[in-house]
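Labels A, B, C and D are assigned to the chains in the order they are written; within every chain, residues are numbered from 1.
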């Protein structure tokens, strides 16, 4: 449609999708593993049970999606926070590299780790 | 409630000073008075050198935007008595260069407005003899809200992103672009998208949302911009999936 | 725009105030905005935390126990409580703002924004129930 | 000397922008300037609420619109102009539709129309109750498309350049910098709007100070029918904010302090629950405002700190209709009067609203002064006669803006270049504006003289007038003219000096006030908005004629008369309150409230 097809809409799409994922999944996950289990409010699942859940292909796929998109969400938002909050838009290039590069690296790591789940 | 109120009015006189100072005026404060009545009282009775813009006195011409206690407001639609016992601080709109006292420079917006092509774009004009373009009340509703903008610049003054980057096209201009895009008579959406997907366009906005909060006409520029982003993303995907069909 | 206009008889000097680096401290709403934006850091943290968990689980039961012990350490605990606050902030602002970006038509009528927000929360509840169910109910 | 432009438009309101577009479309080679003392979209057209009349319904006819306009104007309008106006109005409104104006619609997508005061059919197009706002923004945004139009935003015109009997441009002052320049052109179209600020209590915006009338008058063009000033019957007390006539055409009642629909006592028909065209609340504005004065005499009005009021009752219309059709009325009442019309009565009183008179032009907007054209409220073509019907002004801007634009385009093709005296005129004006106005430290406050002028004009040229008070106020105005030479201007800055502008505007208003009072004094009859208690009857023998005020070399003014053009409708009596039975049944059949869902 456009002569140059800017990448910005795609990044925003990832950012938005990640925003939704984080908002839907993270409150429960973080509440359980970050607070409820450590404080003993609830008993953590035993190992076999958890392994069974995590190793299910569907879980892995969902987790990969959630992790990757959420990282892109972070990358996009953090990039603008740096621009606006610290007024360092002139460092544009390096910020982009750090943010989106980080998200890509994170995605690869996640894929590797989820691949390795027995 | 006291019947007097003190106004601290920002003054900037380019010939005399390079910084803004404040003058204090003690004014009567009848319950009908808006901030603009206070300023007119100062101008007519106390200090004729105060400069500010106003015209309609009914919240529709968009001239009298200023900061009242730090908030972007229309001076003609903001009651003094709401700030009793005062004092009230009146300053020029934030994020704009100040020409004098409460008068800011808004030529920047005027050129941005032209850039987004705020007129009906059509491949083929329908001749007048064929009558009106039919448009149902529902279709009218689609863009009506975005056509309510009075160009008062309160949203620009509230938007920190515009403050940081004056090149950002900004809330009202993008809302007006949406106003035409969503009009069933218009065919210019693609042209406008071209302009707005540049760097200073919709992607500059980080959805601070203050623009919508201060808008006296409920235009919701923040919504207009986010909808634009969504639309742009959808089109990106479409063009990616069906490179030919999107042409 | 003339950025370097100086005052001559017919060319007034415009007064410009530079935006301070701490602009977001000036107003409560700006501050809230920055907090919202900073929530992304905690989103990233949750991803890392989650991946550490996955790595532990895929190694062994011992590693998993070590993870659970680690999460009880006061530093981790406070970090996660803080993170949860930010995640909730993120979720709430995200869901509340969504209707502004999304206009949904059903049968030619525009759905009211509140309905979209409500369905978002319904989604959150549903996903949370599924997660709780998967982890806590033994089958 | 080659002029900077072919045509300079003074004023960026509805009329000015329509003329600019007409010129730009006439030829791409025309260089056009729009000079406006405010950003064009701030012009006063933005405040117009109710709507714009143009025949579109199949059951309506051009002749009926003509007749309503002629009788509404008490036979003082020129019928050839009215015929042209009525014929072109629907096309102009349609053109605006094509440019994107968000007219309210019927369910099937056609443009909706509403009834309006003095009109026997529903023919008023509207965009909820922000018609003028939408029209102005549509025109302004559309004008941005034409690259041959150069804008001088926030430039204040102080003088027309006249040499060799022709107008050759203007001298204008840039507010932001104080720069004074001659903007030369082959023709000038003045579209500066009305002069409501001559009066103390008006719906008009601060910028409506009659500049164009005074500028043209000083340049040698005559002013026509200046005694006809329209009072709108429903303004909010204190602010003078207008509650649009649409509130009545949607079914609102006017009641006095006893809750009585008092209009029935003044030959305006009998009250019906639903609005009936051309009766009661839908009578013409002059009659309604006069009825208020009579109620006041009878002691049946309510006193408030801001003068006596009657009430507009919308409560029976219900919240839904008010929100859909009259949202701005509700907003204004809540914002400025702190009342909710859904539940409460709106206090209202007559308020100065519109100037029927203005710069004398022919049917193409040309004034007798070569090179000078006028359109919009500043001009008097005349279609409004002795009383304008609501919703005729907005289409007038379009029709005669476009006509003036086309006529000027023709004129400049054969016009000579400006002469060499331009430079000298500019220097003189610079001296006056800088040396005199920036250094002036006299004794008189601008605000004091303005206020005295306003009260003087109100007292003598209000809804009812008498010879004695007009004579007194003519003398008073001369005294004020004298005192105005001794202004105290404290602001010596060139940058956005609004005090200097206020002084210039006041001097314009004093000229206009003088023209109003002088022509009111000369017209010894009562017609439309001009009601003389000492001459209570219409006098077609002597005064079926336009008054023309011309400035004399010594600064005084002379009044002449010009015959009215009558084509097909000989003068008759104005009758309201008796809609012929067939019309009424038609109206009821279509439903008193138009069926459209349009907002």
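One rule holds in what follows: a contact is a pair of C-beta atoms (placed from the backbone, for glycine too) under 8 Å apart; a residue touches a chain by one contact, two chains touch by 3 or more.
From a predicted model like this one, the values you see are computed outputs, not experimental measurements.
Chemist: Determine the chain that sits nearest the middle of the structure, using the mean of its CA atoms as its centre.
Modeler: B
Chemist: More contacting C-beta pairs: A-C or B-C?
Modeler: A-C
Chemist: Approximately how many whole Å separate the CA-defined centres of chain B and chain C?
Modeler: 28
Chemist: Quick one: report the Å distance separating chain A from chain C, using the average Cα coordinate of each chain.
Modeler: Result: the chain centres lie 12 Å from each other.
Chemist: Rounded to a whole Å, what is the gap between the Cα centroids of chain C and chain D?
Modeler: 55
Chemist: Let me have the rounded angstrom distance from the C-alpha centre of chain A over to the C-alpha centre of chain D, please.
Modeler: 63
Chemist: For chain A, jot down the residues that touch at least 2 other chains.
Modeler: Only 77, 80, 84, 87 qualify.
Chemist: Mind pulling the chain C residues that touch 2 or more other chains?
Modeler: In chain C, the residues touching two or more other chains are 12, 19, 24, 37.
Chemist: Tell me, which residues of chain D touch at least two other chains?
Modeler: Residues 176, 494-496 of chain D touch two or more partner chains.
Chemist: By the touch definition up top, name every chain pair that qualifies.
Modeler: All touching pairs, sorted by chain label, are A-B, A-C, B-C, B-D, C-D.
Chemist: List the residues on chain D that touch chain C in their complex, please.
Modeler: Where chain D meets chain C, its residues are 174, 176-179, 494-496.
Chemist: Touching residues of chain C toward chain B in the complex: what are they?
Modeler: By the definition above, chain C touches chain B via 1, 7, 12-17, 19, 23-24, 27, 29-30, 33, 37, 97, 100-103, 108-110.
Chemist: List the residues on chain D that touch chain B in their complex, please.
Modeler: That would be residues 38-39, 41-44, 46-47, 91, 94-95, 97-100, 102-111, 130, 133-134, 137, 141-142, 144-145, 153, 176, 205-207, 238-239, 241-242, 306, 331-332, 335-336, 445-447, 488-491, 493-499, 502, 596-599 of chain D.
Chemist: Which residues, counting only chain C, touch chain A once they are in their complex?
Modeler: Where chain C meets chain A, its residues are 19, 21, 24, 34, 37-41, 43-44, 46-51, 53-55, 57-58, 61, 64-65, 68, 71-72, 76-77, 80-81, 83-84, 87-88, 90-91, 94-95, 120, 123-124, 127-128, 131-132, 134-136, 138.
Chemist: Which chain B residues qualify as touching chain D in the complex?
Modeler: 13-15, 32, 43-45, 47-63, 77, 99-101, 103, 105-107, 110, 113-114, 117-120, 125-126, 128, 131-137, 139-141, 143-144, 147-151, 176, 180, 183, 185-186
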